[in-house]
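Each of the two complexes below includes subunit A, the first together with subunit B, the second together with subunit C.
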Partner chain A sequence: MTANSLHQTGQAARTRTRPGRSRRAEARVAVLFLLPAILLVLVFRIFPLFWGFGISLTSATSTDPGQFIGAGNYLRALDDPNFRSAMANAVVVLLSVPIFVTIPMLLAILIHQGVPGRTFFRSVYFFPAILSSVIIGSIFSVVLSFNGNLNALLSIAGISGVDWLGHSATALPVTLAIQCWSTFGMGVLIFLAGLSTVSKEMVEAARLDGAKMWQIWWHVIIPELRPIIEFSTVITTIGLLTSMFGLIYVLTGGGPGTATTVPEYLIWAAQGKLNRPAYAAAVSMVLFFMTSILAWLQIRILSRNANI
Partner chain B sequence: MSGAGKRQRLTLRIAAIPMGLLALSCLYPIFFAVNNALKTRHDYMLDRFGLAMQPTLDNFVQAWTRAHLDEYFLNSVIATLGAVILLMVVSSMAGFALASLRFPYRRFLFAVILSSLMIPVQVVLVPFMRTMLALNLVNTHIGLILSYTAFFLPFSVYMMTAFYSGLPRELIEAARIDGASLLQVWWHVMLPLGTPALVTLAILNTLSCWNDILISLLVMQKHRTLMVGISALKGQYSDQIPLFTAGIVIAAAPIVVLYILFQRRIVSGIAVGAVKG
Partner chain C sequence: MQKLKILTAIATMVVASPALAQEITVWDVNVDDAAHATYYDHAKAAFEAAHPGATLNLLSQPDAEYYTLLGTALASKAGPDVIWANGGAQAKALVGGLIPLDDKLPDLIPKLVGKSAFTGPDGKLYFIPTTLQGHVVYYNKALYKAAGLDPEKPPTSWAELTKVCDAFKAQGKPACFMMANKEGYNAEFFLSEAANQSLTTQQQADWLAGKLHWSDPPIKAILQAWVDTAKNGWYQEGGNSQTMFMDEFALFEQGVGANVMGLLSNVAHWKQFETNMGVEKVGVYPMPSPTVAADQHEGAPGVPLDGGVGYGVNKDSANIDLAVDAVRILASPEVLSYLVNDTGSVPANTEVNTSGIDSPGLKQIMGWLATRAVPTTHANSSAAELDEWHHQSQLLFNGEATVDQAAAALDKVQAEAKPQ
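Moving on, here comes the complex of A and B:
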């Protein structure tokens, strides 16, 4: 849409005849206006991306630039149990994506269909999503600790407590559940925006034809939502790979062991605690590769939808 | 909705029950934090679930002074305000240039800014830290402000470009004919006209900056921001839950106020961001 409007303004400008001098002046001013944005992005993001790739090919430490070792860091990663479990955890995280997409979709459809209390739900659901993951994580660390409130509640019911965040079997699923709970409101908003484009006439026509509610959902609404589902899947996946740091940092510190160490957490640990910046840079490149594929998918989806 | 069958209405009513519980669960954590922050340590140990019967503000005072949240709060305010103002200025300037001015490689430069969306901090963590060290920006407020601006900028530029593209070009032409320079056009025409988009951006960027942990953890090792301070508090005061929850309430308060005041704008801003990518 923006590309389109950019194009239009471009054409509008082109049809006007102007003396070349003022056009050059305009270009000069434009460059000055753009300069701060371009500089910030270049200095802090784009240039570091290439530099990081360079560092990943060396044996650098925090004090020593090190030597060129080619793919050494990448090969070392393959043998590193930390890296392996980070990748295994990433797979678990990715497998949970359908849950992260389906729950908000179902809730949004219900809100759209006029569930009683929908205005209240819509405004409350995204509240956890705007709180910092540090706030969310801190509260849940109190609730879920071994002598915390959830276990106290369970013991009243006669169920013995579980060290939710201290067991390698439960730590990652519990962290993911908290992440899901704290971000589903965002998904609901995305799906509600998408649902506003679903034609009311089609739903009504299906209903008059005697279709049951689940048939309308399955055959009319969900197919219409397909672009939003695809979009939400990609956004959620990128989000899960790059925005769980805060929650993990506060809740588990990557542990117990490496049970909740995901790639982004390993990068942070490797550059700081482990003092292996070159290795951290290599893991960064792996993460970049993963998110790039997703971003490429996202662009394809967006451009395909724009061409319909 | 007039044709809605009885069965559908019943289904929706039943669905409202779990949905209502889910809604309560969204509000409960803040209630939990406030409620426990008002208890004394003794009260909390006696009854951790009940309401604070004799509310005390002592935990807030203690968290504010003894746990240094006053200092952390100030650091967060400086970083957030600085970054939000800088983000508005830089993205409005860039949006004006990209949407309204004519120059070579315009689309390419727009693409360059947007493509950096694909480079989150984690991906450039090591070189980013080295850049910060080389520029002497570690442990400085300016360093944190510049980092926030760089990492939250693409979305803001995108939004301002889209907003300014929708404005009629005659506005600029008219001002130019009146003899205004482009800088004057930006200051007197584009900035005021951009207010709706800028306000939305200010709110969304305030959320991002205030809530950030990773960037501030890297940049501000000495002068902690509030979120870094809270996560450190968790380890120090794990046996003093009321004090800890008071810290959480202090850290969340500005966001809760924003939510109450600007709910609509936040919702529409998120929806715009989502649908347009």
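Moving on, here comes the complex of A and C:
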């Protein structure tokens, strides 16, 4: 081997090692950039999750760390009529998801089709989304009370009043209707964003082929919106399971009986009213499990759509 | 030598600084209430005069989330030195985080009334009550007169009360009784008011111990009375969606209902109604028993009564002795007199001078307190039982559950909360 060839070999080795070093340096910088976010997630998400799971296995109260009782709180939940009622209500809430998705989708399509005054409607629909649930709850408490505006309107038509929020048969459907009213504006925006990606040429081609309006919707627009519908379904479901507390607290206090008690409300009642943080932690873990399944579905659906 | 003096001075200051900077923190939900301001100002001044260099820091807490915040703070050993609490289930749930005060304030405790609401399962006193809380029925004399009833003769038996409500029902409006049970509080009040002259002293003790059950005849009869009064149209419609402290008492003052189950202290009490409606319009009576005839109940007529609010000392406080003294001052007759005069609260300390208050309603109430005061039944229930009673009372009110179903559900909760 000549000196020249040795020199060339050394150079080749250096050119091989330089990118390696560079990648390691890049990786170190990347880790440094990621570290604050990772630490925040670890400290404020992962650690409390395991801490809460630990508490759920004890008999702790606010003033007593309690004893390890294994699955005691989980078994207690199975025997708790309030927990069973909260889970049954959660199922009703989940069954209402198609309504929460369909209404904003239809309204968004109408706006996108260019109904007169669409800018006005877009703003008005979004308006409730910027109000806090406490304000919305307070407004509807007045409107729906027995001596409230709705019953006053009904009495003009000769219809006797109903205690909308005070009867088990009406309290949950009415609460869900208010939740739908207060959140559909955000759904409209999401669907409008999705509609902007629907091919105008395809819609025009369908129209030229003689397709009627509903046929265009059913065969062209809605299939194109499928990824948005799936995304909206998943985020609406998670939102309904984890962000109705404020509205329920103000509107019904979980009642009458347990007619509007959902798992997140039960968690608050166990901790704030009954001094049972360990039981509250156990119900929280159950709710976490439910939302985790939905999050997994979300990731699966989004990944599948990304590959389409 | 000069250096030694300087070092000694610095060392003295360092050692003394914690004492100089001593601060006693009090958590209380009423600190921002203007009517309580004079009371707190005098308590702070008295404490800081008695302990130069120390400060009394009164921190206002939100009423609705108070026990959640307090529970979290105590669990993480970051709670205040002095803790305010309502008597009954809420106070009793906190005793594990407090020190017993029996040996700390031996001179003050014998002068107090309403201690059972603040007594732990070990029989020790964990809070010093400052005000008493109890229940009476307030009525609108003008509405009684308009309905053809004698406004100076309130009902003294269940039969008379039924006649009163029949008279209002015949008129259509106003409602005989105001009802606001969205949070379940009206059901709590009803339980204590109806049990007042229905239960014997022994039965009250058995209730506290969990030996008298919800399905036992004396309590089941109260549940039945709750159902019957609703069914017989004693209340205005929509009671299950009406809030008590936001709506009910204001509506009573406006004449929407002729009677209301009210309190003795703080709010919804004689002073509030006499101020807002006029002294001449407000009458008061203890609710008669729905189950025991007026001439057959035990003892003289009285009112259900217990410690209303009180102060306890956090066992993790760094300054327990100072915190105890803060409680002593907050409950002292001199300081409490400002609270009584400004808010109309009935004091738990018998040495507070109330002679300056000229109210016919209060005089009647004080007379009943002197003859017979029984514990409030709801304060002697566990928090879990009360929560379940909130639920069941709403279902009973709507006719969505039977008395037997409600009693069975409540028995189950009671058995878990007060195991025998």
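As a convention for this text, the second predicted complex is superposed on the first by the 264 of 308 C-alpha atoms of A that agree within 3 Å, B and C clash if a C-alpha of one lies under 4 Å from a C-alpha of the other, contacts with A are read in each partner's own complex, and residues count from 1 in each chain.
We take it that a residue touches a chain if its C-beta (ideal position, glycine included) is under 8 Å from a C-beta of that chain, and two chains touch if they have at least 3 such contacts.
Owing to the predicted nature of the structure, the values given are computational and were not obtained by experimental measurement.
Undergrad: Contact-wise, after the overlay, does A:D163 reach subunit B, subunit C, both or neither (first, second, both, neither)?
TA: Touch partner of A:D163: subunit C, not subunit B.
Undergrad: With the two complexes superposed on chain A, say which partner A:L144 touches: subunit B (first), subunit C (second), both, or neither.
TA: second
Undergrad: State whether A:T63 touches subunit B only (first), subunit C only (second), both chains, or neither.
TA: Second partner only, subunit C.
Undergrad: Given the touch rule stated above, what does A:Y125 touch, subunit B (first), subunit C (second), both, or neither?
TA: The first partner, subunit B, only.
Undergrad: Given the touch rule stated above, what does A:G117 touch, subunit B (first), subunit C (second), both, or neither?
TA: In the superposition, A:G117 contacts subunit B only.
Undergrad: What's your read, subunit B or subunit C touching more residues of subunit A?
TA: After superposing on chain A, more of subunit A is contacted by B.
Undergrad: Under the stated touch criterion, which partner chain does A:W181 make contact with: subunit B (first), subunit C (second), both, or neither?
TA: Only subunit B is touched by A:W181; subunit C is not.
Undergrad: Touching A:T258 in the superposition: subunit B (first), subunit C (second), both, neither?
TA: The answer is second: A:T258 touches subunit C but not subunit B.
Undergrad: Pick one for A:I221: touches subunit B only (first), subunit C only (second), both, or neither.
TA: Once the two structures are laid over each other on A, A:I221 reaches no partner at all.
Undergrad: For A:A269, decide between first (touching subunit B), second (touching subunit C), both and neither.
TA: second
Undergrad: Could you give the residue numbers on subunit A that contact subunit B in one complex and subunit C in the other?
TA: Dual-contact residues (subunit A): 141, 145, 268, 271, 277.
Undergrad: For subunit A, which residues are in contact with subunit B within the complex?
TA: Touching subunit B: residues 1-3, 5-6, 8-10, 12-14, 23, 26-27, 29-31, 33-34, 36-38, 40-49, 51-52, 55, 107, 110, 113-117, 120-128, 130-143, 145, 149, 152-153, 181, 185-186, 189-190, 192-194, 204, 207-208, 212-213, 231, 235, 242, 245-246, 249-250, 263-264, 267-268, 271, 277-278, 280-281, 284-285, 287-288, 291-292, 295, 298, 302 of subunit A.
Undergrad: Touching residues of subunit C toward subunit A in the complex: what are they?
TA: 65, 67-68, 70-72, 74-75, 93-98, 182-184, 236-243, 383-384, 387, 390-392, 394-395, 397-398, 400-401, 409
Undergrad: Touching residues of subunit B toward subunit A in the complex: what are they?
TA: Touch list, subunit B to subunit A: 1, 3-5, 7-8, 11-13, 15-16, 19-20, 22-23, 25-27, 29-30, 32-33, 36, 48-49, 89-91, 93-94, 96-104, 106-107, 109-110, 112-113, 115-120, 122-131, 146-147, 149-151, 153-154, 157-158, 161-162, 165-166, 169, 182-183, 186, 207, 210-214, 217, 227, 230-231, 234, 238, 241, 244-245, 248, 251-252, 255, 258-259, 263, 266-267, 270-271, 274-277.
Undergrad: Show which residues of subunit A lie in contact with subunit C when the two form their complex.
TA: Residues 60-64, 81-82, 141, 144-147, 161, 163-168, 252-253, 255-258, 268-269, 271-275, 277.
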